[in-house]
Structure formats: structure tokens, C-alpha cells
Amino acid sequence: MSKLSHYDDSGAARMVDISAKAPTARVARAHAFVRMSPEVLAALPNNPKGDPLEVARIAAILAAKRTWELIPLCHQIPLAQVDVDFRIEASGIRVFTVVVCAAGTGAEMEALTAASVAALTIYDMTKALDKAIEISELYLLSKSGGKSGDYERSTNA
Amino acid sequence: MSKLSHYDDSGAARMVDISAKAPTARVARAHAFVRMSPEVLAALPNNPKGDPLEVARIAAILAAKRTWELIPLCHQIPLAQVDVDFRIEASGIRVFTVVVCAAGTGAEMEALTAASVAALTIYDMTKALDKAIEISELYLLSKSGGKSGDYERSTNA
Amino acid sequence: MSKLSHYDDSGAARMVDISAKAPTARVARAHAFVRMSPEVLAALPNNPKGDPLEVARIAAILAAKRTWELIPLCHQIPLAQVDVDFRIEASGIRVFTVVVCAAGTGAEMEALTAASVAALTIYDMTKALDKAIEISELYLLSKSGGKSGDYERSTNA
Amino acid sequence: MSKLSHYDDSGAARMVDISAKAPTARVARAHAFVRMSPEVLAALPNNPKGDPLEVARIAAILAAKRTWELIPLCHQIPLAQVDVDFRIEASGIRVFTVVVCAAGTGAEMEALTAASVAALTIYDMTKALDKAIEISELYLLSKSGGKSGDYERSTNA
Amino acid sequence: MSKLSHYDDSGAARMVDISAKAPTARVARAHAFVRMSPEVLAALPNNPKGDPLEVARIAAILAAKRTWELIPLCHQIPLAQVDVDFRIEASGIRVFTVVVCAAGTGAEMEALTAASVAALTIYDMTKALDKAIEISELYLLSKSGGKSGDYERSTNA
Amino acid sequence: MSKLSHYDDSGAARMVDISAKAPTARVARAHAFVRMSPEVLAALPNNPKGDPLEVARIAAILAAKRTWELIPLCHQIPLAQVDVDFRIEASGIRVFTVVVCAAGTGAEMEALTAASVAALTIYDMTKALDKAIEISELYLLSKSGGKSGDYERSTNA
């Protein structure tokens, strides 16, 4: 089995050396689901000018760029593109993120961090209505680029 | 039904005015679950000096303090205490966070953000072994203090 | 004439001691104007889902909270409320901000920083259409609370 | 007319994909004016060791590097050079900034953000003397590099 | 002997609970020394407009406010005052910092972080002349306020 | 003698232009020493689950990535690797850092900043036991890459 990637031979946590990796185009897509009651969902569009999903989208884009500040062993990856989309369903809101970069590592944690912060922001903006809101299904949908090969989640949402 | 708390009368997003709220002691507890294969779980303690859970704990504490930078409409809450605990189970790792503060709002998003970043950090440190890791069950366990009353999730993990 | 407030007796820059000042309720309102061509203004509402003003509003709220990171001698002021409004006029967009806090200083720079970042974000989102956009009239509209007394700008926009 | 650059086909805000753009040398110069009374201007050099303009210069350089944290849809651009200059005139202080980078986008918002924070810092350090200080004429002076061509403001300050 | 303060009973790192501590006035003073050759010291005042010590002073003030972002288990302490002074000696530059706050903990790490960043900034601005510059004697000079009592270092610089 | 690198011809502080420098592989190693009493040292391993050195290691890695936010004239350098090691000696703890990057400048301040924050974090986690802890011997051990040539400190710790 492969080794945990962030540990050196003595087992101490470290930022893995990526200096020998040539930058390649990388794309990662992630997903999260915010489960909420139909009553809370129905209240979302009642705001004439504002929209919790737009606030969540901006929060997610900003968070993607700051992933390396939040996840200790992540590298500083300049992102080429961040997209955040939402799908409103009967039992909640699905978050989809896409992150593109040209780097020696990355995109995966950036896409997951964006999805997570989008979901937390939706939670924040609806929690006055329902404290039982639950975030789930936070996972990687796909990843391309990089030495470890492409990945596609077998059963996507 | 209550109104979405972050909107003014015209529906524009805003930071809610908490200046009329006297600071009270507040405690929030949150939870997340990181589902991973038994092989990945078995690899965790193989590091003589390091430990993904310790890195996740530090990341979560730092993230709790920066919640207001990540979630746009959150207030800056000086935290009195942040605790992060883990329970290793057969199918993954459970994250438990506790945040204490004395403020006019808060603790809830801080506890959820800490749980989320702890889970993402565990993901980051084990993703070389398994890209299908999934984060789920990110929710509030309980909340006390504040005008809106105490909350205890009916069926806790 | 009063002294420059951020200098000690020897003239070295310093953060002024506010430890003897009891926290009082403070409100500051600021203003900025983003001058742009009618063509650019006309393009703003052509976006079915997005809105540059909503992005600017979120950016301004986040920036208000980070004023002390940007302006070297500002104190860390926990903000109780931040509001950002816009008025579309024939020659551009007017930005209005309100910041409320209970502290030994503050609100003034926070309201101005929010107005400035809102204006810059509008610039960023329209600059592909017009590079001659100009930000002007960035000033304090009013200020209440604190020892130095209330202030109301004589001729407001 | 061109499209607003930060929107996708459905109109949702997003970070534009720059992964297909080869990095090129880019230079942007921006400008701002801080209008203040002659009395406030006269007080500036009365500080034997400190100087509000030096504090503003440092604040502006730091802010240029953090533009992507403040303006939601800006990319993370590693800056090669940041220069900030001032010209004291009879009615106030002129701020000039130059930002150089080699990237697929950028320099423009970084130069404007630097000019804006320099002006706000000057405001902060003189506001005890005059609350009517006004920041104006915040605009791009020139821009070179990048596909959209060079730009020179027709009537510079 | 006392216990390490940042550990709970099971030994896990945590942010200590300060919610039961009433805020008290606290003052901490710290010190650092930057040893450099006489040639480097002689070059310092050769700059007609700039001054490495002014840049270091601003960097130190900003860093003091961000101590809680850098030192994982530090609390977010709103600082009431930060002062940074320098003394040029034959073999280098002495840095003195004073931090004042009214809080349930703090000032100590903030004063040390400010002294450390001031010293690193001086290093950065003189390193082209001398790579053997050494920072030493980074310690607390005194501390007052708080339950653990006052402290005065026996032999100050 | 060489000029101070961060000043332009008029002596104003500025970020040096590195746009003409081709990125090269750079490695810098730095060192710090945290002097503490044998009693404090003996208490370190008494924590069944936690370890101040692991917290310090994570803090140092995070700080290395944020050097450009702390040291005003440092460039934003994407780091390829950060390693932090410790050696426990009779009179204290030695900190060793290694930073690798491929850039037009850098690694030196990043390695020193990491060593400094590691030392400060150790201080923070042991200060309840001993307020006389002193950080010293913060210097560059070696540096390779870049036009100014390699450097090796003559007498390393």
C-alpha cells in the first residue's frame, strides 16, 4: 500500500517536496449536500434582492484561494479558475465545485474546501430557521492531471 | 416562520446588528464523520512521530478562530476555548468539537467550521491512499446560551 | 491644533493606547462613487443569476472586518453590524456603508474600508468593458459615539 | 460590446479561467488623491522620526499582495515589484503606484488596491485633525501586457 | 510543578478555557537583539527617505495583532496599544516592544511576536549586505496583570 | 559595499523588481534555539497524546507559507517543501527548518520565519512553567540557488 503522503521517513509531518514535479494542468470537481427541511428551502427565494446561494458562491471562491492557509500541509496553488454551482432538490441543496490550476500538485483540496465553505455559508444563512440542517456527501467527484492518474467517483450524486 | 437572519427588509445580505445583545456565555458542540476504508485507517498509527489527527486538531483550532474570515456574515467572536476530539471507529473517524465564547452571538458556526476543517485535514493526509474518502454527518450537536434558547440534537452520533 | 493621533512624543508610529477608553456604541457611515459610462451601467442587469453589486456587498462586509489587517495602526474592533447599499445613477453607482460597534475606538476606518473595497470590486467586475472607470468621493458621511464628538458631513451626496 | 468578464453563460459569478493564457510581463500604474486642508498638510512633517507617508507606503505594498483576498474574483498573482510614491500638493497628497508581474492576468486591481489602501492609511493617520478628508481620482493610469492590449489614461493627473 | 497550560487531562492540545477569567489590564514588554557588522549598521542611515527601522516597526505592530493566527493555541486578544522602539548599538540593533490589552489572558505572546517580526524585518532589509546576521535575546522583559502575577526579568538588556 | 536591497534610488522602501530573474531552485536552512530549564524540558513528554513540538511544527509550516504577509517587502513565494525538525538538548530545544522553492527570489526569509514561529510556539506552550525562556541563535544555516551565490554559515550549531 502507498505511504501517507505528508510524512517523512521518521514520521514527522511535513510539506511534501513538489519541486521536481513539472506543473501540469489539473482539474478537480467536488460535491457537498446540505440537507434541510422543505420549509427552509421554501424561504430561500423570498428575498427580493439577496440570495443565500450567491453569498455561498462568493465565500466558496474566496475559500478555495485560501486552502493552503487552512489545511496545514497543502501547497500554495495559484488557481486558474473556480466555479461553484447549486442544485435545489426536494430535501436540500447540492453544491458542485470545479477548480482548475496548472501546478505541481493540487486542485483536489481546493475543490473540497470550496464545497465545504459553500455548504457552511448556506447553513449560516438558514440556521435561524432550522438548527438540524446537516451537511453530508462531501467528496471528490473527479480529478484529472498529475502523476497519480485520473480519478472518477464511481457513483456520483 | 422566522425570517432568514442575515437579510434586511429589502432582502440585501448584511451582517445582523448584535450591538443590543448583551454578551452571554455560549457553548456549541459540533460533529463530523470521515468515512474511509479499513486499510487507510490501519495506516494511521504507522507513523512513529507524526499523527494526522494531531495535525487536524491544530488546523481545526486555527480555523475556528478564523470563522469570520470564511463565512461572510459571521461576526468576529473572540473564542474562550476550542476543543477537538476524535474517535476511531471501524469505518472511519468521528470528529467532535466544542467552542466556548462570551459574546452577543456565536459559537455555532465556529464549532461547525472547526469540525469541517478537521475532517478536510484528515482527508488531505490520507488521500494518497484512498480518493473515495467521504465527509458526512457535519451537524450541530448542541448549543446553549443566547436568546434563541438551547438546542440539543435529537439523535446524536 | 490637535496632534496627529498615531504618533508618540518622539514621533514614532504606534498604535494609540485605548485601554483607558470605556467601550461606547459607535456608528459610522461612509460613501464612495464609482463613475462609469452609461454602456457599462446598462450591462449590469444583463446577468440572469449574478449581480456585481451582490459580489461587491459581500466583499465590503468581509473587508470591514479585516480593516485592522490593512490599515497598520487601526485597532481590532469586533463589529456589531455592517450594511452596504448601492444607488444606481445616470453616471455611475453610489456606495453607502454603515458600521456599528461597541468599542473604545473605531467604526470610521471600517466604514471607509468597506466603501473602498465595494467600489474596487465593482471596478473589477466591469473593467473588461471600460478601463476609465474612476472611484471618487470616498469620505465619511457621519460618525457618532466616542470622546471626539459626533460628526456630520456638511454636504452629503 | 464585450461581456462582463466574471460571469459564465448562465450569469453566475465565477473566477474566469486563465489556464490557457501564457504568463506575460504586465505593468499597471494607478493613482489616488487625498484632499486635505493646508493645516493638516502642514502638520505632516512635524514628526521627527515618523512619517504617515512611510506607514502608507508599507500598508500599500502589503495590500497589493493581498488583493486576491479582498476582491473576490481576482486571481492570486505573485507580484514581481510594487512601488508607491507620493507628491505633496497645495490641496492634498497624490498617490502613485506601480505593480509589475508575470502572469496570465493581473496587475491592474493590485495597483488600484495599493493606491486605495495608501490613501486610507493617510486618512487614518490624519483624521484626528480633519474628518472631512476626501479620497478621489482613484483610477488606472496605464496598463501594459496581456491580450486586451495596452491602455494609457487620456488625461493623467 | 505547574502543568503545561495548553493540554487537557488526556494530553491533547487545546485552547485553554478563559471564559471564567474576568478581563484585566495587562502589559507585556519584550526584547530582541539583531547582531550585525558595523559596516551594515553604518549603511542604515544612508537612505534619504526610507528607514529599515520604520518598516520593521510597522511590520511588528501588524504582527502583534495577528499573533493568534500564528501561534495555534493563542486566544484572539484585541490589543489596546502596541509600541515598538529601537536602540542602535555598536554591534547591532535592540528591539523593545510594549503591548497593552484588557483581556482574560494575553499580551505576552503578542509582545514577543512583535519583537520577533521586527527583528526578522530588519534582517530582511539588510541581508543583501550580510548573511551572517543573527537574532538573539528574544525574551519577555516584564509582564503585569493576570492571575499568575507580575514578572520582571532579573537581568534586562 | 552592496546597497540595501529594498530601497530605490531615492531611498523609499519598495518591493524589489524580480521580473527579470528566471526562477531557479532554491534551498534555505535556518536554525533557532529555545533555552529552557531542565524542569520544563522534563515536563514535555509527560503528555500522553499531545506534543508541543508537533504543534510547533505545524505552526512553523503554516508561517513559512505566510512570510510575505508578515515581512512587508518579501515576495509571495510558492513553497515546494517545508521541513521542521527538533533536537532536544540538556539546556533547551534546537529548531531546524528547510525550505525549498523554485522562484526568482526567496527561501531565506521563509526558513527564518518558520524557525522563529516554531520557537515562539514552543515558548507559548511552556511559558506557564517558566517565564525566563529565551530564544536565541536565530540565523541562516545555508542557502543555495540564486544569483548572489551559495552561502554556508561558518560555524553551525
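Think of it as A, B, C, D, E and F in the order they're written, each chain with its own count starting at 1.
We take it that contacts are C-beta pairs under 8 Å (C-beta built on N, C-alpha and C of every residue); 3 or more make two chains touch, one makes a residue touch a chain.
This is a predicted model, so every value here is computed, not measured.
Using the contact threshold fixed earlier, the set of chains in contact with both chain B and chain D is A, C, E, F.
Fitting chain D to chain F on CA positions gives a rotation angle of 120°, reported to the nearest 5. A repeat of the B-E interface exists among A-C, A-F or A-B; more than half of the contact pairs are identical by residue number at A-F. Residues touching across the chain A-chain D interface largely differ between the two copies, under half of the numbers being common to both. Interface comparison, A-B against A-C: more C-beta pairs in contact at A-B.
Remark: chain B and chain F have CA centroids separated by 31 Å (rounded to whole angstrom). Between the CA-based centres of chain C and chain F the separation comes to 37 Å, rounded to the whole angstrom.
Contact with two or more other chains is made by residues 12-13, 49-50, 54-55, 58-59, 62, 66, 72-73, 76, 78 of chain E. Going by the touch rule set out above, the chain pairs that meet are A-B, A-C, A-D, A-F, B-C, B-E, B-F, C-D, C-E, D-E, D-F, E-F. By the touch criterion given at the top, residues 1-7, 10-13, 39, 43-44, 46-50, 52, 54-55, 58-59, 62-63, 66, 70-74, 108-109, 112-113, 116-117, 119-121, 123-129, 131-140, 143, 148, 151, 153-154 of chain E touch chain F in their complex.
Note for the complex: chain E touches chain C at residues 25, 54, 57-58, 61-62, 65-66, 76, 78-85, 100-102.
Within the complex, the chain B residues that touch chain F are 49-51, 54-55, 58-59, 62. Every residue of chain F that touches chain D in the complex is listed here, in rising order: 8, 12-19, 68-69, 72-73, 75-78, 104.
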